[in-house]
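Letters A, B and C name the chains as they come in the text, with residue numbers starting at 1 for each one.
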Amino acid sequence: MAFDLAQLSDLEAIKRLKYKYMRCLDQKRWDEMAECFTDDAVASYSGGKYHREGRDAIIEWLRDSMGQETFLSSHRLHHPEIELTGPDTATGVWAMEDTVIESDWRIKIEGAGFYEDEYVKVGDTWLLRRTGYRRTFEALGPFEQARLTASWWATGGQSTIEA
Amino acid sequence: MAFDLAQLSDLEAIKRLKYKYMRCLDQKRWDEMAECFTDDAVASYSGGKYHREGRDAIIEWLRDSMGQETFLSSHRLHHPEIELTGPDTATGVWAMEDTVIESDWRIKIEGAGFYEDEYVKVGDTWLLRRTGYRRTFEALGPFEQARLTASWWATGGQSTIEA
Amino acid sequence: MAFDLAQLSDLEAIKRLKYKYMRCLDQKRWDEMAECFTDDAVASYSGGKYHREGRDAIIEWLRDSMGQETFLSSHRLHHPEIELTGPDTATGVWAMEDTVIESDWRIKIEGAGFYEDEYVKVGDTWLLRRTGYRRTFEALGPFEQARLTASWWATGGQSTIEA
């Protein structure tokens, strides 16, 4: 396996597309996130349970289900195995982990899984055309014994733990 | 520190070797995982506690200890510091985190540590010749308060949480 | 978005700077960590709560707050979006997750957030000139139900779980 300069450049650009998407998700930047998808993008999350067609439908679903400022999430991607399948097309497999604390409902969700994506290059820019993941596991439990000591929104991202 | 094209290509290829290895581990793809090792590979996991010599012995041990479909794992690698030590040899240090839920035994293990690897290029393909990690910490606790809401095997990777 | 060879080389070097910094943090290698910063570096952790000016003040603070061998930490960086802003300057945004177990105090802290950095190239070497993060969330809870089964320092990184 060897990569030329154009391929390495494309791989870096595709990785950053996903990093921007994930940053926008956890920071709730829905308008900026919309820049990551093609108009006709298809998302099929959680083994196909949550299936949405079209960029607007995807963003609407994400905003509705994760938009509350009491929904505190960390979605993390790992292990990119990206295949350049043509000059303007690529596929990717990524490992994923996510943690969600819902501070009003006092629950915590922890999960892991694998994304499978399709990317397309439009002009100079790589975009998501298909995305989705299947979970290795997911666990839902109470968030009772721990207490929330920082929140991007409620504390400006500062810890309230006193040394 | 500057890298030429051949070096950047080798770094990308070595990273993908590790990503494939980790994907095969969490998806229990033992035959595909075997492609990642040299015949005479040596693995020394958990600070040397689990030491296996030879590809077949390594795969057998991993399959025996992690092969059950109730053993749900997420192993994640981070922070690759890879040194190309010759045209066909390299070493690597990686940060590692792992989470295991054993849904029959109702236990959860969480850990972190650092991998140290040796790689060798055989023809066009980088392979693992030595691998192993030492833990920063590991914690074993009950998996009682939370409930499993998705499994790659038991639910097809779909969440069973109802909104 | 396209990258030339010099840019890809710089991106790899900057990523490794951060990986070294994080490895030194979790392995408590304070002298080696000092190599990562400029003399006049500024760190502003936890949304600005912990602000230190100068490499020595930063290292001193990290050593004082995280130096105990009962302070077991895993800091992980993800999703680098690095912008090369000049031949010798760059900025970076990274996702972060951290887990801390304090085995004497029997507490566990879990958090996530985003780093914003500035880098400068001095000779051939990229260094941190500014660094800091803002938390998405942080949660402090008891470490009571689980038991510590490995520690880099107390068990040589070996698990003490018996199969």
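Just so it is clear, a contact is a pair of C-beta atoms (placed from the backbone, for glycine too) under 8 Å apart; a residue touches a chain by one contact, two chains touch by 3 or more.
Everything numeric in this text was worked out from a predicted model, so none of it was measured.
Peer 1: Go through the assembly and pull out the chains touching subunit B as well as subunit C.
Peer 2: A
Peer 1: Validating interface symmetry: for the copies subunit A and subunit B, is the fraction of residue numbers used by both over half? Same or different.
Peer 2: different
Peer 1: Measuring from the mean C-alpha position of subunit A to the mean C-alpha position of subunit B, what distance in angstrom results?
Peer 2: 22
Peer 1: Please set out, as single numbers or ranges, the residues of subunit A touching at least two other chains.
Peer 2: Each of 5, 8, 76, 78 in subunit A touches at least two other chains.
Peer 1: Inside the complex, what are the residues of subunit C that reach subunit B?
Peer 2: Subunit C reaches subunit B through residues 5, 8-9, 12-13, 16, 18-20, 22-23, 26-27, 72-74, 76-78, 99, 101, 124-126, 143, 145-152, 155-159, 161, 163.
Peer 1: Quick one: in the complex, what on subunit B touches subunit C?
Peer 2: 1-5, 8, 11, 46-49, 65, 76, 78-81, 93, 95, 97, 108-114, 133-142
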